[in-house]
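Per-chain numbering from 1; labels A, B, C, D and E assigned in written order.
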Amino acid sequence: MVDDHLLSIVLIAPAAFAVVLLPIPRRWRKVHRVLTIIASSLMFAFSLRLWTAFDADEPGFQLAERLPWIPQLGISYHIAVDGISILLVLLTTLLLPVVVLAAWRLNIEHIKSLHISLLLLTTGMIGTFVAVDLFLFYVVWEITLIPMYFIIGVWGGPRRIYAAVKFFIFTMVGSVLMLVAVLYLAWFHHLQTGAWSYDYTELLTTAPLLPVTGGLLAPGLLVFAAFGLAFAIKVPVFPFHTWLPDAHVEAPTTGSVILAGVLLKMGAYGFLRFNRGLLPAAWEACVPLLTALAVVGIIYGALVAMVQADVKKLVAYSSVSHMGFVMLGLAAGGQAATQGAILQMVNHGLSTGGLFLLVGMLYQRRHTRMIADFGGLAHEMPVFTGVFLIVTLSSIGLPGLNGFVGEFLILAGSWSRAPVAVALAGLGIILGAVYMLWTVQRVFWGPLANEANRLLPDLTVRELFVMLPLLVLIVWIGVHPGTFLSPTEAAVRLLLGR
Amino acid sequence: MGTEVVVIALKLAFGLAVLLTTVPIMVWVERRGSALIQDRLGPNRVGPLGLLQPVVDVIKLVTKENFLPSRAQAPIYLLAPVFAIIIALSTFIAVPIGPDDGLTLFGRPVDGLLVAPHLDIGLLYIFAVASLGVYPLVLAGWASANKFSMHGGIRASAQAISYELAMTLAVVGVLMGAGSLRLDEIVLQQSGTWLGMLPRWNVVVQPLGALIFVVAVFAETNRLPFDLPEAEAELVAGYHTEYSSLSFAAFYMSEYIHMTVAAALATTLFFGGWTLPGIELPFGGWPQALLGMTVFGLKVALFLWFFVWVRWTLPRFRFDQLMALGWKVMLPLAVLNFLWVGVVLGLGLMEEGPW
Amino acid sequence: MLDALWLIPALCLAGACANLVLGTLRAPKAIVAVVGVGSVGAATAVAWATLWAYAGQPLAVVVRPYFTWISAGDITVNASLQLDPLSAVMTAFVTVVGLLIHVYSVGYMHGEGNAAFARYFAYLNLFMFAMLLLVLGSNLAVLFIGWEGVGLCSYLLIGYYYRQLWCAQAGMKAFIVNRIGDLGFLLAIFATLAAFGSLEFETVFPAAAADPASFGPEATVIALLLFVGAVGKSAQIPLYVWLPDAMAGPTPVSALIHAATMVTAGVYMVVRANVLFRLSPTAMLTVAVVGGVTAIFAATIGLVQNDIKKVLAYSTVSQLGYMFLATGVGAWVAAIFHVVTHAFFKACLFLGSGSVIHACGGEQDMRRMGGLRIHMPTTYWTFLAATLSIAGIPIFAGFFSKDEILTRTWAAGASDLNGFGDAYRVLWALAVAAALLTAFYMFRALFTTFHGSFRGPEEVAHHLHESPRSMTLPLVLLGVLSVVGGFVGLPGQLLHLEGLNLIERFLKPVVIPLAEVGGHAAEAAHGAHGIGLATEWLLVLVSVGAAAAGVLLARRFYLGAGAFLLPRRLAERLPLLHRMLLNKYWVDELYALLVIRPLRAAAGFCWRVVDELAIDTLLVNGTAFGVELGADLARYTTTGNIRNYALMVLAAAVGIAALLW
Amino acid sequence: MVTWVFLAAAAVAVVFACLAVVVRNPILNVLSLVIVFFAMAAIFALLGMDFLAAIQVIVYSGAILVLFLFVVMLLNIPRLGRLGSGRPFQALLGSLLAAFLGGLLLAAAALLPAGLGAVLPGAAAGGTAVPIGRALISSHLFVFEFITLLLAAAIVGAVYLGERELQ
Amino acid sequence: MTAELVPIPFTWVLALSAVLFAIGTLGVMLRRNAIAIFLSLEVMLNSANLAFAAFAYRFGAVHVAAAAALDGQIFIFFVIAVAAAEATVGLALFIALYRLRETIDVDRFNILRW
């Protein structure tokens, strides 16, 4: 029974649990916390079951569930996982208990609503990764928007409303175009086969037939652009990234972690799944542009991160840079590069998520994120420093930690296709070391610069437990990435082979 | 065509006569009854037992000046009492006063002599007309250009609207039992016995509905304890403060006609109309009709006495209490009755069983 | 025993982890020391046992794959270790020097707190792990792990005294400059992968050697990129700037990482990839030129440094230049030989300087030392032995290796290697000059530190003492090795005793067989040097002469009655030159001007102008403003008058009705 | 006879509708409308829709217009402004359009093939109340329930709007 | 089952509906008082009802057998219900507005204005 509907359970359980939380009075903060942590851990357990039930050698969709939804239009509730999405589902369910635990002591209003938002968000995010029906995909894609909007707008920093609205409108602009593209694909499918369908597996037969020649207004290119814009904004790719720093800076730690950890992946996932999978011809035509944007993003993000005064903003811009690597891997399109890009999504979720968590812990202690307010923390908080350093090293791609594996595969896979791009992206690696280490330098090393930082408490046991899963995975992926690479292999091969 | 016209004419004449004579009688009953209750004599000088007192009153009224306040809206002011009478009278048309099956007149079968025209929407018709009852009061109150009148008018209509709801809902219970809007069918449905021994009257089957209906009817007719629209202590005489002479008489009459109609309705809906519990008459035709009319008349008379009795026994409500009672007690109770009838019907208790 | 190969680095890693835990528990130093030294000791024992077993066999290449590290698409990278003569040599001296320095550190770092002490040993163990991984790795990727690992440890150890900002900054500088080189290495890995489809040494190099013609261009690219990595790690021009600053770390760290082992990783890597280099004359020449220029360049700076560790640092840079010069002329064995001897004498020198600094209470400026020979004889004698060794005085270890390099360079010039004979001849001249300068500044350091009279403050003078046993023991051992270390590479051909050169014989399988298959010109220069015996003896004389001249000059300048007078006068005579040398040719300032400031300006431009102004304000909020403006205009149609609206509705209704008509 | 009754009712409806729109005394407006609705009820009855006729009277005359009357009295509006006052141009345009629309509809009615209607056979025996009632709780149940929701919402809204003034 | 004919052409009913609709529209266009506008609206609603009735009367009998025979009447029923709801809320609004502005002259209300 459980196994038959495993995917549905993983997908629906968070939302269902949000409903369970609804009638509990919001003053029972502890009850909310305990229940949510139990529920989120349970969800993670379910997703682990998903992982074990998953067959890595099967390239196509697995554990599928399909129910007619609006049969007249060929819309169905069709969910399934394949090697590309399983990792991201797991990342999502892993980060949920982590952020709930991280927000444990947070003395904020409406903890109940925060948890409900988080749970709904989780359903949306998982849905994005498991939806096979494009209409369903659009719905869950938009569902993620609303809780995130609230998380930023309600629990955020001083400019939260601006940031939330910016986030919302940016994403909305893209996703509305995406809806148009989805409808167009269904219509085209109808034109070709006489049947309406929004199903990815069926659109695969017709979408590649969209003509891409005939100038910039070729249907294939337009659909590609519509999808691409939605995903590019989410990733974010270079010129569409300005919502990210604002959103990250203003969002609470919880939001930042989820935003960086999962939401950005939705864009890259979309690129791979839809732009690459459905429109290979248009993809080929756009590879130079994507590569260029990816490289610009890498260097640009790193450069801008370098001069930030706010740690969170710095990490946000570093996300732009890191996601540039993912985009580069996708653009290169080889087996290795693509697998690397998927792994790098996970890596980025872990390391940047970890950085946001750590910055959040620091913020909770000092209520500032300005680098200038710190200095010489290493002596006061040695364990914190150590953990921060490990996550930093993971972020800058030290071999033996996770970041390296992803970057290695991406760059190695891209080399034969675009050596210049790889070399330029390499500059991004150097700059990454520059800004991250410079930050570490200014925050942790040196004499104690600010008396307010004296005797700051070190990591608590709870906080250590928050970081522990991330650290374990950082090392695990770094030392034995095969665990996480092998499931993606067959699926990527199938996708690229089309 | 011929007999129809005759029947209609007869019926109208009879009804008019009965109702119009009821009014003076009721005035007398009321005055004598109040005296009885208050342990005094009441009018006893004019005629035997003061029976002619109403006649004298009428003469007095007719001879009074028909006063028109200077700022009154003349046409409305003058038309309001007329409407009042018309509406009161037209309600009665639909009420069946006796069994008319097999009746012949001048050798031809007549239909609808006693059971008004077999109105398919009978009950709805009554509601429709009753709902218009507010207009004369409001218009009179407004047209008088007098704040007491105005207030009285507004009170009257607010009260009427409020209690109409409860009344309608209570009647819905009756409708459910009968499965018809036709009043004669409702009456017939109440003949016979229920559960083997009880009269099959709706008051027995759904006492709550009957209670609500009766209370609501009190409010509808603006009788004590719900006579707030004309509470003399508060509003002089309410909406008819400024009226005199025949206009006043019209209002006065309409009130008593309303009362009579209400009594007739209550009888019809809840007390078996012209039927007697458990008695199957061995004869039909005119004797049966006459007997039925007598029974009906007696029941109505008892109800009218009940009206008087209550009026002189209970104190007056405060207006907010009145509204609270209407909305917060009567309405829910009416719904409860509604449910009760549903249960009774659902359990099959209304059917003729092996009782 | 060979199966225990993985134990060698693993033991060190275990030690590091244990010490990290001990550090958080603030365990007593004794335990930490036992764990720290013990783990490295065990690793050393295992290593030597393994080597013993290996040496007993025909010197085949032993590859031990453990698991697949990365596998995606056509990229497969194994986590595997390899034992061949080259890695054997490296392992041998790395473990020994590492162990000695661990022992030394127990004494040197005694003043630290428990946590800091444990942290130190954790880092040091971790370094040993990374370094051993580096030398034992069987492919470029594993090598790269070690490569970055040692870089990390270097970063951590340079910034060990993190509360001093400049220490931390030096660490960061080291890491970032190294990163630049690492990028080259990484790109080289990608290029290798693209060209050969594998990163395994045993796959790539035979393939390249087998088909030199078709792999020529790739080899050039790969070799140059690899060399970029080596330049970063081994502190060559232009990326040498981090090494002098790296002296901010504790002195044993300088000895182990920044003199003996890590910085020679570049040389190791180039030698490892000698097949590829040999396929590319351009790369060879580049390596040689960079090495030669660095040797003389760093030596000139070393002339005027007053910080004893800085002198040693520049000498390290200079010596590394020698090694690259050696690789550049195809003297692979000589390069490795010099790596080994350099490890001994430079570690000895650093430890000696550490001992001195320890005695002087942290003072590093030689101008406030002097006459220490009396107070700390052990240190003096070991230091002297190492100085003689580095100066290239015969019998001492450095003489053999350095002489070998000079000879080979000359030979390269003489045989017109790859057609760049003139360049090699110039490089030889530079190398000889550098040898002279080396002898000079090393003896300058020796004389100013140990001879004459003490010039420091009085209170320090009272405390001058010999270092504890745990420090002197390694000193003595290293001193001995500085003396006798060269005997493994005796230039037998000078005496017609071909078998004397043990190291050459040992390393031959790494260098020669492949070349024989390739049959390349470089081999001609190598096999018989291509020069006559007489010339060789002459060259020996020249080099010894240069060294002697340097020593004598230093004696003239810094010893005796006229000490320090002559140099001061010289400095006054040539102020520009002196200032230039003192300020290290203003290279740091130049980098700040040419790299760092433009970078920051570009970053600021990107942020303020591109991000905030162009994209966010103009495009994003501009669009929003446009919409708002349009809405502002459009809202004037809403008059607020309901009847107006009703009229519009009616008009629309009529219109629709008419349309339907 | 039926025809004449219809014509009479129609005439009454039109005349009083005009009065309801034109007369400046709001009470008279409401009363005129009452009469219009009565005429409508009559027409419904003529067309065999007795249930609707009753409902028309109960709901419109008995409830809605009473409410209007209430409000008119409550607000004590003395006299309405002159017809079309305030915005003459708009009034002119509006009347023209309204007239045009009316003409359009009339023309449409005229162009339709004229035909006599029919009263349902059921209407003769037992009225339409029962079949409509059955239809409401069977085939139109959803809309019926939805209407109850709408009414509930309207009540809540009205109560809210009224309550707010108290604070 | 044959339907009982009534001698009223259904187009007459439609025509009456059209006339009433026009009158209602005129009222909405010409009146300034909110109540009066509302009354006119009711006229319009009723004219629509009448149109429904006309068509139900004309075509309802055609579908005697079908359940749709009563649809026209049921629609009128619903329209009446909606009108009731509308009147409730609308009048409550007017009262609220009146308390706010002491007038219900719609020309005096421009709170919706730009």
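Keep this in mind: contacts are C-beta pairs under 8 Å (C-beta built on N, C-alpha and C of every residue); 3 or more make two chains touch, one makes a residue touch a chain.
Keep in mind it's a predicted model, so treat the numbers as computed, not measured.
Asks: By that same contact rule, can you tell me which chains touch chain B and chain D alike?
Replies: none
Asks: I'd like the most central chain, judged by C-alpha centroids against the all-protein C-alpha centroid.
Replies: So the chain sitting closest to the middle is A.
Asks: By mean C-alpha position, what chain is farthest away from chain D?
Replies: Of all the other chains, the one whose centre lies farthest from chain D is C.
Asks: Would you mind checking which chain's C-alpha centre is most distant from the centre of chain A?
Replies: B
Asks: Tell me which of A-C and C-E has more C-beta pairs in contact.
Replies: A-C
Asks: Give, as an integer number of Å, the spacing between the C-alpha centres of chain D and chain A.
Replies: For chain A versus chain D, the centre distance works out to 59 Å.
Asks: Let me have the rounded angstrom distance from the C-alpha centre of chain C over to the C-alpha centre of chain E, please.
Replies: 92
Asks: If you average the CA atoms of chain A and of chain B, how many Å lie between those two points?
Replies: 76
Asks: How many angstrom lie between the centres of chain B and chain C, each centre taken as the mean Cα position?
Replies: Here the centre of chain C sits 113 Å away from the centre of chain B.
Asks: At least two other chains touched by the same residue of chain E: list those residues.
Replies: 25, 28-29, 32, 107
Asks: Pull out every residue in chain D that's touching 2 or more other chains.
Replies: 51, 55, 63, 70, 74, 87, 90, 94, 97-98, 101, 105, 108
Asks: Which pairs of chains touch one another in this structure?
Replies: A-C, B-D, C-D, C-E, D-E
Asks: What part of chain D is in contact with chain B in the complex they form?
Replies: 25, 27-28, 31, 34, 50-51, 53-55, 57-58, 61-63, 66, 69-70, 73-74, 126-127, 129
Asks: Enumerate the contact residues on chain C facing chain D in the complex.
Replies: Residues in contact with chain D: 641, 643-644, 646-647, 650-651, 653-654, 657-658, 661.
Asks: Residues of chain E touching chain C in their complex?
Replies: By the definition above, chain E touches chain C via 25, 28-29, 32, 37, 106-107, 109-114.
Asks: Under the touch definition given earlier, write down the residues of chain E that touch chain D in their complex.
Replies: On the chain E side, the touching residues are 1-33, 35-36, 38-40, 42-43, 46, 49-50, 53-54, 56-58, 60-61, 64, 67, 69-71, 73-74, 76-78, 80-89, 91-96, 98-99, 104-105, 107.
Asks: Can you list the chain D residues touching chain C in their complex?
Replies: Per the touch definition, chain D meets chain C at residues 87, 90, 93-94, 97-98, 100-101, 104-105, 108.
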